[in-house]
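What follows is a set of structures for review.
What follows is subunit A paired twice: with subunit B in the first complex and subunit C in the second.
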Partner chain A sequence: MSTYVEARDVAAAVAAMADGARPVAGGTDLVVGARHGKAPLPESIVGIHRIPGLDGISVADGVVRIGALTSHAAILSSPELASATAGLLDASAIVGSHATRANGTLGGNVMNASPAMDTGAPLLCHDASVVLTGPGGTRRVGLAELWTGPGKTSASPDELMEAVELPLPPEGAGSAYVRLQYRRQMEIAVVGAAAYVEVSDGAVSAARVAITALTPVICRVPGSEEALVGRRLGSNDSVSGENPAVWTQTTEIGDAIHAAGQAAAAAATPISDVRASAGYRTAMAAVVTRRAVTAALTRATGGSVTVPASDWSER
Partner chain B sequence: MTVTEERPTAEQQGTFIRPDGKEKVTGLGRYTADVNLTGQAHAAFRFADHPHARITRIDTSAARAIPGVYAVVTHEDVPENLYGGMVQDRLLFAKDTVRWEGDVVAGVAARTQAIAREAAAAIVVEYDVLPALPDFVANAQPGAPLVHPEWTAYDADDDLSREGNVVGHSTILKGDVDAAMETADVVVTSRFVADASQGAPIEPRAILAQWTGDRVTVWTSTQVPFAARDGVAHTLGIPQSHVRVIVPLLGGGFGSKCDFHFEAHVAALAEAAGRPVKLVFSRREEFLAPDHRREGMVLEFETGATKDGHLVARRATLHLDKGAYTGEGGFFAQMAAMHACGPYELDNVAVRAMLTYSTNQPSSSIRAPTAPQTCWALEQHMDQVAAAVGLDPVELRRRTLIRQGSHGPTGQVFDEIGMLDTLEAAVEMIGYGQELPDDEAIGVACGWWPSMASPSGAYVKLNGDGTGTIVTGAQECGTGAVMALPILAAEQLGMRPDDFSILYQDTDAGPWDMGASGSQTTFNNGRAVVAAAQEVRAQLLQMAAEKLEIDPADLELVDGTVRAVGAPSTSVTIAELAGTGTPLLGKGSGDLPENPPTDIPSACVGRLGLDSFLAPQLITHAARVKVDRETGVVRVLAFAAAHDSGVIVNKIGADGQVYGGVMMGIGQALSEATYFDEEGRQRNPGLLDYKLQTASDGPRIDVRWIEVDTPNAGPKGSKGVGEPPSVPTSGAVGNAIAQVVGRHVTQLPMTAERVWTTIQDVQEEAK
Partner chain C sequence: MSIDITLTVNGVSHPLAVDPHASLLHTVRDQVGLTGSKEGCDDSECGACMMLIDGRPVNACSYLAVQADGAEVTTVEGLADGNDLTPLQRAFLEKGGVQCGFCTPGMLISATALLRDHPRPTEDQIRIALSGNLCRCTGYDGIVAAVAAAAEQG
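This part shows the complex of A and B:
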């Protein structure tokens, strides 16, 4: 007998989950996946989409908090996130279609733990963690510890994800996410990469790079990060966010961006399937990484990169 | 998608918007899957477990024992009647052999779809597995293992040239190619490979069958109701009068719902279950099960040309993948051969096309069968010829395209045609020759497609209040017949198009029609509606003449009245005449136009009547694309489509066909393919990996109609419209890509990875 209940608060949801119910938010992974025969619909389901307070975006005490029920569409229209976590907007902007973005939630995207999820790489680069509440209380888990395999998390089945939290980036930071796109809507990540950089005194002071759909779990690429940190963006007058081509190709940073791309390609362990060959995926890992880093640096240096950066960086 | 109007909109012209549009876009429309009958059971099929195998045992007892199962049907339960449009090579339920992964072995009717599926899986089927034969080029070689060892025993169309796995061999031989090649300044050879693709309608097919005594009514999502009816009658061995086919709203077809498919399977299940049975395909089944997808092809061209841009000779060898069964697609070899010539002046031709069985999903008509792929290959080859002789590609076409008085590749002499005008119009609209960034370019391609004459019928009757009803055998699948037919009837009767209701499609009501296929509904059924309306017109004039005591010759029909010419106040309304109770009823079919003669030698084989193109539809497409050199991703930025479809009967409908056709063509160009594994199983049977273009990918599309008032054609000098918009599309995109990349991509679709690989090859060689 399958059952469906709707939770009115977090406690009720957690109680239902402790009784074996699976939470459903937008249902765009769970229900659609079941229809496709990916996995049967769970016997017992608890609807969490009407729990008050589980959506919404706030910035306080240097922490950006995004409620689990926040839809991709809501992320896209948030001015706070636009300035703080542009890379997340790049991701939410290209999730599925208008309908998917209106219904799909950040919580569902992150907890579904697909290696092709779009918000994963930018959130990882923003050092995000999730707030999990179970019968025993609330804990915070970093994303690198959360995702343990394709479709697998370290959250226990009775833990509800309440929010994603990430540190408010300082001045001079920028992030971006770029995905290879065969068409403009309804794509799935075949290759993607995110970058987060901090620029101070004309040099990269911090860098985080992560790749999507290229490894069993979305992961950071230390080699790409090392290639970038400490690199100078070139002389002051050539640092022009408006025209990144000038400084990315002719200076020290251009070589570093190239090396970051190569490191991402080396870190990738792609498969060959109907979507792309492993060889093409590897080559594209370098390309999207270079583009993500370039877009992040452009934003960090005050340049304008329209959302989604995937479109912006098409050549 | 931005759409610009070259001419006044339909409303400004006084034409009207499709009456079924609102219900479709608001979700109120009822499709076959929405029809339910009390007590209905649900159907599921057991498909072949191997692409090619001998069946050694079928045991349905376990399936029958499952609670809720009403019936299980196999080949034992239906007559052993082979069927197929041009070759009768298939049984409803596989008996000895399965020949592709979608072959149906058994059907189940059960209380719920879940039980039906469970029972279908519980049927025990044992096989001796045979080697899969997916390679249609290898299968065409003499001595290749046969997909149908019993092929000689099949009933088939006498004009098909068959041999072993080759279901259709067709040649066009003209002049002396060997001698002519010697006189050429350049000889260019090219080889191209096109993957299979799909019609991919939004609506997965659905069928509901209900018996009343020994008669069955079938609601089905088909483009061809009469072919579906005839298929049920033939395979179940019952008279056509015992089968009634009704088509609720149809959610697209694009050719994939042509032909008889699963109507008889469901009817047989309903009979066995003793209750109505309904089948609704999942998206996955819609990809895997129909014997209907676009054929994969391998194409080789050799063209000799002179420096001044004259084509002296053409050789071509084409291989087409028929898949496991023939269906209605037996004509593909000849159709492809015509497209390997294209709308060009050619005196010396040697084209050979082979349509060959394989153990892949059967191919059959998808919008302009064989044309998009062949045109894509030929038009890229033409650009290569242009480069070899040092001419601009548009200039080469200017010098070689057919025009009035031209002798075409088969000796057909053309009446007034707008081929060259379409070229000039497309080139002008796209801004050919403009300065572009170095990652953008414009490509141009030309193509053609025949208008198809077929018998067709309609009734027109008037209601007591002066409105009318058209009862037609034609089918509407988005082609716009619901607009064109009332427009034509209204013109004859001095009425307004929205004065008419249309009754389609019920095979017990309307006269026979070939269905929504071959770009021919308005072409043929329009003629029938005009003829039927003319009968009503004569009746009205006669009645009015008696009433007004005026000679019928002095009367005209205007604004819902019959009135005296020159004395409009002497009049009677149509409502008054129709309200008297005297039936006002006309029937018609009109006179069929005849195919123009040709002069190709009778030695040519596989002649099925396509070697001349009646009222040829002529097309030039031009695409401006942007190529991302690092990824190979191609975006089509602007598109120009210029068509000679004769006089346009209904512009809003014709424009719609071009917008949709161009989008489908761009999909075929860049992203749409069915990929088979080495055994012939589909690798991407779903919309996640079968990549249709989305509305966001749509470029600006400019449309221009070159309206040539065409003799020996459809109503008002019209030709067909529906299929040509997908014909030269991928060729134009391909030529544009090649301009940026420096080389033609030789595989269709030209996916990002294939474009990228071509770029890598060019760069490697430059080193």
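This part shows the complex of A and C:
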């Protein structure tokens, strides 16, 4: 016998989850998964979609906090996130269709833990963690510790994700997410990559790179990051130009971007499926990584990269 | 177990008892009796079932009716004022945006949401906004032209 309750606050949601109920937010993974036979709907469901205070975006004390119920559409229309976490906007902009983005939430995307989900790689590059609240209290878990396998997290079934938190990036930082796609909407990443860079005194002072749909869980690529840190960008003129080809292919940073791509391909252990062979995915890992790093560096140095960067880099 | 909910559909409130797993689409078609919204894929791919919930476009086939308890639901039947079609609906007729009509309810709902958020959309914005709505007949050009024409009439 199936049951449903709607939670009006976090405590009620956690209590229902402790009794065995699965939370549903936008339902665009949970309900749709049941529709196409992936997994039947849970017998006991708790609606969390109207809990006050679980949506919304705030920046305070150097921390960007995005409530679990924040929709992809709300992420896209946030000026704070557009400047702080452009790579997250690149991801939310290409989730499903406008209906998917109006209902699908960041919490659902992250907790669903698909290796192909779009917000994962940019959030990992932004060093994000999730705020989990269960019967025993609240804890923060980094994304690398949260995702334990395809569709699996280390959160216990009675822990509600309240928010994603990440450090407010300093001046001179930029991020981007690029996925390889056969069409621009209603698509799943064939492969994807995100990059976060900080640039100071004309050189890369920090770099984080993560890959999507290339490993059982979305993960960072230390080899790509090492290839970038410390490398000089060349003159400001060539860096902030609209045409990144000028500086990405012929300079010290161009070699570093190439090496970052090669390291991503070396880290990839993809599957072959109807969408692409493992060999093709591995080859494209290098391409999307180069594109993501290029877009992130362009943003970090004041250049314009329109959202979503996937379209920008194919232009 | 059935759950008591109230669905407000096109401004009319309906007290209903629904199964927790029932979709909003089946509930509106079978219990409320409004059959304008269609079932194409039952899987969030085609958009034939689209409704607005509190103004948000939703694939009603894949949305739990219980989650819409207390919300304002708009279906294609709620767009026109009696026999007075909206400018968007008239533009669909004038520009050849309708052939068999199966996709039309969802197209109209999707485009209504677009025009509310972007009263002057570019062609690219129109195509992106309608990418969750499949049409097997028109080849889309008439539909895109209709949305652009409705936007011009503002």
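The criterion applied here is as follows: the second predicted complex is superposed on the first by the 311 of 315 C-alpha atoms of A that agree within 3 Å, B and C clash if a C-alpha of one lies under 4 Å from a C-alpha of the other, contacts with A are read in each partner's own complex, and residues count from 1 in each chain.
The definition used in the following text is that a contact is a pair of C-beta atoms (placed from the backbone, for glycine too) under 8 Å apart; a residue touches a chain by one contact, two chains touch by 3 or more.
Only a predicted model underlies this, so the values are computations on that prediction, with no experimental measurement involved.
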{"item": "Clash or fit, subunit B versus subunit C on superposed subunit A", "value": "clash"}
{"item": "Partner chain(s) touched by A:G96 [first = subunit B, second = subunit C, both, neither]", "value": "second"}
{"item": "Contacts of A:A283 with subunit B and subunit C, given as first, second, both or neither", "value": "first"}
{"item": "Which of subunit B and subunit C A:H36 touches, first, second, both or neither", "value": "both"}
{"item": "First, second, both or neither for A:E6, with subunit B first and subunit C second", "value": "second"}
{"item": "First, second, both or neither for A:D201, with subunit B first and subunit C second", "value": "neither"}
{"item": "First, second, both or neither for A:M186, with subunit B first and subunit C second", "value": "both"}
{"item": "Contacts of A:R315 with subunit B and subunit C, given as first, second, both or neither", "value": "first"}
{"item": "Partner chain in contact with A:D61 - subunit B first, subunit C second, else both or neither", "value": "neither"}
{"item": "When both partners are placed on the shared chain, which of subunit B and subunit C touches more of subunit A", "value": "C"}
{"item": "Subunit B/subunit C common contact set on subunit A", "value": "36, 97, 183-186"}
{"item": "Residue numbers on subunit B that touch subunit A, as the complex places them", "value": "284, 439, 626, 628-631, 633, 635, 670-671, 675, 683-684, 686-689, 691, 693-697, 751-753, 756-757"}
{"item": "Residues of subunit A defined as touching subunit B within the complex", "value": "36-37, 97, 180-186, 188, 273-277, 280, 283-284, 287, 314-315"}
{"item": "Of all residues in subunit C, those that touch subunit A in their complex", "value": "1, 3, 19-21, 23, 42-45, 47, 50, 56-59, 61-64, 66-67, 69, 110, 113-114, 128-129, 131-133"}
{"item": "Residues of subunit A defined as touching subunit C within the complex", "value": "1-4, 6, 24, 27-28, 31-32, 34-36, 41, 45, 47, 49, 73, 96-100, 102-103, 183-186"}
